[in-house]
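Look for subunit A in each of the two complexes below; its partner is subunit B in the first and subunit C in the second.
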Partner chain A sequence: MKFKYSAIAFSLIMGLSACGGSGSDDAAPIVPDDSFSFVATEMITNLTDEVIVDGYADLASKGEALFNATQSLINSTAQADLTAAQAAWKAARQPWEQGESHIFGLVDSLSIDPHLDSWPLNTTDLQTQLNSAVGFDADTIKGWNDDVQGFHTMEYLLFGDGVNNNTKAIAELTTREREYLVALAEVFRDYTKQLDDAWQISHNPQDANALPYAELLKQPGTSTNTIYSSQLAVIEELINGMIGIVDEVGNGKIADPFGDSMTTADTSKVESQYSWNSLTDFSNNIIGVRNVYQGEYTGSADKQGLIDFVAAANTALATRIGSEIDDAILKIQAIKGSSDMPFRQAILDVEGRKRVQVAVDALSKLQASLESDMLPLLSDWKAS
Partner chain B sequence: MNSKISLLAMTLASVIGLGAAANANAANETDALAKAIAKQEAEIATLKQQLNKLTQLQVQSDQQQVERNALAIKIDKVADDVASAQNRYNRFSFKSYGTANYTSDEYFDNVQDTTPERRNRFDLERIVTEFGYQFTDEWSMEVEIEYEHGGTGASLAYDGFDEFGEFESEIEAGGEVVVEKAEIRYRPSKAFGVKFGNIHLPIGLTSTLHKPNQYLTVLRHKSEAAMLPAVWNENGIGVYGEISDFHYQAQVVSGLNSEYFRTYDWAASGHQKRFEHVNGDDLAFAGRLDYGNFKTGSAVGVAYYYGNTSGNRHKSNKLDVDGAMSIVSVAGAFVEGPWILRGQYLYGTLDNSDAITQANKTTPGLRPGNFAQLGSESQSFFVEAGVKLDSWINVPITAFANIDYSNPLMAVETGTATKRFENTWSSVGINYFPIPEIVIKAEGGLHQVAVASIPDTHFFALGVGYQFSL
Partner chain C sequence: MMKITLKLYGLISVMMTATILVGCGGSGEETATETIPEPPVITYPSYTDIIASGGDTTTFDASNSGHGFSTPAPNLTAAELALHLEGDVNFETSFTTAPNSEHPELDGLGPVFNNADCNSCHQRDGRNSTPFLAANETRVKLGSAAGIFLRISKAPDEVCTEGTAQNNYCAPVTVPDFGDQLFHRGVLKARPDWQQNAFVGQADVYLSYQRSEITYADGKTVTLKKPLFDVENPYDAPGETKQSANVTSNLLQDDVLMGWRNGMPVFGLGLLEAIPEADILANVDVNDADGDGVSGRANWVFDAVKARDGVAPPVSLGRFGWKANTPSVRVQSLGALRGDIGVTNPLFPDESIAGTSLHDDYLTRTGFVDTGSDENGEPEADAAFSDSVTFYAETLAVPARRNIGNSNVRQGARLFEQLNCTGCHTPTFTTKTAGDIGGEPMSDSLKGQTIYPFSDMLLHDMGEGLADGRPDFLASGNEWRTRPLWGIGLTQTVNPQAGFLHDGRAATLEEAILWHGGEAKKSQQGFMALTQNERDQVVAFLMSL
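Right after this comes the complex of A and B.
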């Protein structure tokens, strides 16, 4: 017992003297060496080819399929044709929404995003166009404002106004709506093809000799690469892409219509409200984040992704971020509850709102980890 | 002690004794002579003194003369200086005007929204300073500097406690400081003058009537701002003059850039002021002929603008067709006794508007927004009518009614133009002049969009403006 007291006293004295001494101690503080090594070439190549380029190739082929599906509507009286066109719209929506986790590069520089996915839809002007006597063709529609074309205009024509249901009878589809749909789908197909070509063939549509954008991403720092100066710049772009969409889903797409109470909730701000596809959109956005993080599509064989970069620095953090991404996806999907409630109904439902809040919290947590834990790793990375 | 007293007594005795013993006559003559000499000497001394004084006075007088001469030279110089300063001052002119407003409008959140929300705002709309100098009878210059919305500012700060120490830049204010005019004029006669530099285009009455006492509404006419640059300035050269009651202007100026044309304000945002340099590959012509003077009273006038807009695009490979733009304006003013009536009609056309729209839509990074359809035709008009009530009541108040209409998307090359940008603002209000240099305005009105599903909204505005010139 006495020995213990002495030991405590001794350590106290040592501790106190250490504290007292520290003020006049001019030895440099020891900075822990957090630096880590990781060879990023394989990861960048894999993410570019297997996640990003594959995604845009998929979008282009789904765009072609959607165009074909709308063409069969021209003279059709079969409900199955409309159902098929609706399914083709949802199918095209998937690679686009997943691709929003890397919405940098050509989607931005060719200004393709607003042409494909402008929101909200301008139903007043759309009605004006539908009532006009002039015919529709793709070239004409390209010149019109983006709020009467793209995904959501097609959605409105295919699914109806979405207030009470997301179904539409083929008999309700007017001749002019069908013509407009076909022209819209053609414009859409052209843009998705242009985007795909720009990644795979030439990043400048005006210059056939320009490198494909995929090459610029895979070969940073070369003399011909005026976009990316280093692998670090590429990884920073990828991480910021993930942060961008997590922020948009949590703080924009979900939080904006959600409001701070049921009285301020606004269903008119819900994206994909006509098809009731909102929750699928949101979860696809975060699945896109997971694709970039894991380096492969869910269920595919393991390839290198950003998780390997994080794991090289901190394996616990790598696992934690992975599970936070999964958790956010699950919490978004859980908003529908047991009754398959669409998002536009959930924000007006007491229990639904609780589930929405849980999802928003999961997204905030993920965003904090990406910003505060993952992004700073770039300054510790010793590129080789 | 005794010896001293004895010595004094002896001296006294000898003086008295000697005087008594002298010859009385001889003594008298000598005295008289001595007195006369003394007197003369005294007089001479006095004369000398007077002479001295006179000499001194002469010297003083000479000095004073020198001083007076110096002073006279100084006075001449000061007089010259004053005259010259007065002359320079007369050649220098300084004017200023400004407005501050409070507005209350209803706005819509997005294109789907049909439930307007009210937003009240304050704005130090603009403070304008104009400096002019008349070098000679023929040559003069004028510079106008405008501070909009309280000016602008950016700052760079160093924060030593932020991580390893970081530089942070911040935008301090969201306004603008712009040189609105910087022109040199050569005017040998009333009938003919030349001006060059950054000059005002005579298109749109706002270019002529932009001081707060020169228009009745609280804000400048919305119809004009929704179609072309209000108080439009460009780089170029122009001739002007007045012959009897006719005023004419003809200019060759830098053109517009169609990259920045937008649905909602047609040519207005194509005004090249975003960059340090203005692209001058396409020039434009502007001309105006007025009968009477809009600035001082009644007048009628026509104006015309023509210019290509494709050559001034930064991305030159996006568009290979001309984007010729022409604008016609007809305006009239009747200002007589208590009555004020002014109006203007503007009509414009844009060639290849679809091709320009398409080029803009696929040009990366154009901000704000690059998804706008352009009108192949555009029109706007306003009519304002006022009556000065001080003819009937002893208060300097003018009551007015105003209507502004604009449709920058009057027609499109293909398809149907949306009516979303067809706006009408109707209002009534008053202008109160507590002193002639200051005007206090109030206005209330109705804003209508030509789309049936968009409800009409009401607006209210208060403003104060001043103008003076030295």
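Right after this comes the complex of A and C.
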């Protein structure tokens, strides 16, 4: 999941570039002073502690809960236990998807992202292993390829293939599937704990005395900080993180399976297709953007976020971007329509496709604002 | 080297004021006019104030953050940008085991490989993560998180000095039944004993570290770590190790040479390929005629593009890879696609392990479902995929420099020059204005650019400490290509777990400098003789790049 500039933004830049330059008028151009002041320390501290670190702590906690829920399945015949494990999977999915708005640093460098969220999974190898006589202990599975572990492998085992429904009877859950699930959940729990520790205890797994990654964000520009050279660098990281996931949702997660027409739509490319959790995933991605922008979770007390940085330059822009984020979330959620249609069905439905297009348009509009209006503010900012 | 001379106007002002004050005091007797000394002149290298390291391809919007290596050159045309973005998606494409009827475009991983996508070895288009050992471990087994792997070859009978068709142009001698790269990962059924060794490739590879200390004159010590490897459980002799009583594996023979290789940053590569060959060769100084202790040799390597096109001899100047063993971005990219990932492509249509008993057995046992060709007999990755990935690597922007006005950065630039780091890390070149790269017409975006890569693109003996003892075309076991330094200050912003040097052994730039030996020993010693403050200034300069 990597940052990509859209062709839209690039054409805007090209267009602007074409306006300057070759005129023969020697008079010095009048450059409007768009500079603005903003003290960023409180915003960076707040965003780090109360959005990013709290989010990963929540993920670790829900990883533990998911492991516990799968353990309950080992000998269970109660459908409620499977339902609880499915709910625990969805609960863990929430902080993970919201965290994709700041998917930089250790989630990438410790390879936790591919370990947890590789897609698509390898159902052929998965089935081969389920049919084999190998043991499913966590250490062994950590050495296996990423496409037979993580969120989506657990999803497949918990919810079934998702083609006609997202329900599965506990009786359908084989003994081998249960054993595999527990081992997968243990691996998952370990990685989420490792990620949480890296942000809160030490960013270097070999050096317990190294700074937590959170401190590297909060203390940029010091001589020992080889990660962030300035507060500007941190804000640039955060804005680019927002752009990255908006691009990913609009131009990847939704656009790829959506295709150019109903005949080219491809449900096999739908993320979280087994659980029918796709729309929740997508909206959580953009809710994660809102968390970073607002500086707090929805319903929490007002804290500083990137909205305050933007507002220091342009209050109207700050409000507009906030509205565009909200609108994108609502438009994604609206894809389900009045019949609570899952995404994988919506892309094969005439009215559903219209709603998908509306959501894509809202995401494109938001992305253009972030790239063309918000990111350039960095060059106008007078840090103090 | 052109210098910029700056007068210290502040100092002049102070001195003039002092003279006036002196003139006001005293006995009133006329005194002899004092001679105002010439103010000291401090010179800075011309590159001190350069921001746009990649000329017009430089990116400014992401040059402080973890996206600094991942943005397209801003001077691409709309059509080029579209191709670049297509390559961007493909760079992250994770391939799957063949056959994949649902997604045949993802089909073709392995059957043995080092990673399943480009990005895993070039995280965010930078370096891979350095493997770490948990507190209770003495060594770590390489798995899906590792971006490092081993190159392997047999020790040659004699030093190869001139490539010919007969000696395979001095290419490394492959290890029988293995090849020239060790693939520690595999698809589920890669090995005959896959039920006991699921997802294992040609062998298990373990990494550990040997630590040592180096002490400055002021008493400060730095701990260095050197990666060591153990290779065990080869597919041709399961369970065997070098310590086994009777070593039978081809891989574990004493004359098999092995050397670590890390993934490199991917940005700015098209510019490096566009440096005129003559300008690189102008810095060759095999016998150190200028007496600065630094030589510089060119590596001449097999060029698969020339071979494909029937050009004789199929040899070009090596520019890429840790030993300059690769002539172009195209050969590098598609060679890695076939090698590191195991995905055949138009330039390399055969599996990297074709003809080995591992591959023959795999094909027989699995019913010939993964032959390295698709159902039409074409390679696993098509021309469009291959072209876009190559173009992507050619046209990623170079990040702009940071903090160039900082006095420590500026002083560091002076010290960098003073230590003759530029003896190998040549600051600047101008790219050619016409011609091909990788056998294809070059993008206009790369033409005529004044660039600051800080590399002469040549081989240098870096001493025993860094040596892997493994020749690669004309490069000896002690020689390495000068690493371009542009963007190096963003390395750990892009990937906090990244290390420096060919195997990631250096956790900091200071450690990387301290590992410099051989031709670079004099510069390294000069660095060690600096004060702590001056050493920090050198690092500050590097961090600005």
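Throughout what follows, the second predicted complex is superposed on the first by the 357 of 384 C-alpha atoms of A that agree within 3 Å, B and C clash if a C-alpha of one lies under 4 Å from a C-alpha of the other, contacts with A are read in each partner's own complex, and residues count from 1 in each chain.
Assume a residue touches a chain if its C-beta (ideal position, glycine included) is under 8 Å from a C-beta of that chain, and two chains touch if they have at least 3 such contacts.
Values in this document were obtained by computation on a predicted structure and should not be read as measured data.
Asker: Which term applies to subunit B and subunit C once both are placed on subunit A by superposition, clash or fit?
Answerer: By the criteria stated at the top, subunit C and subunit B clash after superposition.
Asker: Using the touch definition from the top, say if A:303 reaches subunit B (first), subunit C (second), both or neither.
Answerer: In the superposed model, A:303 contacts neither subunit B nor subunit C.
Asker: Taking the superposition as given, does A:118 touch the first partner, subunit B, the second, subunit C, both, or neither?
Answerer: A:118: touches subunit B and subunit C.
Asker: Between subunit B (first) and subunit C (second), which does A:178 come into contact with in this model arrangement: first, second, both, or neither?
Answerer: neither
Asker: Going by the contact rule set out at the top, does A:203 touch subunit B (first), subunit C (second), both, or neither?
Answerer: Only subunit C; A:203 stays clear of subunit B.
Asker: Look at A:353 in the shared chain and tell me whether it touches subunit B only, subunit C only, both, or neither; answer first, second, both or neither.
Answerer: neither
Asker: Just to be sure I read the superposition right, which of the two partners does A:236 touch: subunit B = first, subunit C = second, or both, or neither?
Answerer: Touch partner of A:236: subunit C, not subunit B.
Asker: Residue overlap on subunit A between the subunit B contact set and the subunit C contact set?
Answerer: Common to the two interfaces on subunit A: residues 108-111, 114-115, 118, 120, 122, 124-125, 128-129, 132, 134, 142-147, 206, 268.
Asker: Once bound in the complex, which stretches of subunit B touch subunit A?
Answerer: That would be residues 110-113, 263, 317-318, 354, 357-358, 361-366, 370-373, 412-416, 418-420, 451, 453-454 of subunit B.
Asker: Quick one: in the complex, what on subunit A touches subunit C?
Answerer: 1-5, 7, 10-11, 13-14, 104-106, 108-111, 114-115, 118, 120, 122, 124-125, 128-129, 132-134, 142-147, 203-206, 208, 213, 216, 223, 226-230, 232-234, 236-237, 240, 244, 252, 268, 375-376, 378-379
Asker: Quick check: in the complex, which residue numbers of subunit C touch subunit A?
Answerer: By the definition above, subunit C touches subunit A via 60-62, 64-67, 70-72, 74, 76, 78, 81-82, 85, 88-89, 92, 94, 96-97, 102-103, 106, 116, 119-120, 123-124, 129, 132-135, 141, 143-145, 185, 187-189, 195, 198-199, 402-403, 489, 492-493, 495-498, 508, 536, 543.
Asker: For the complex, which residues does subunit A have touching subunit B?
Answerer: Touch residues, subunit A against subunit B: 108-111, 114-115, 118, 120-125, 128-129, 132, 134, 140, 142-147, 206, 268-269.
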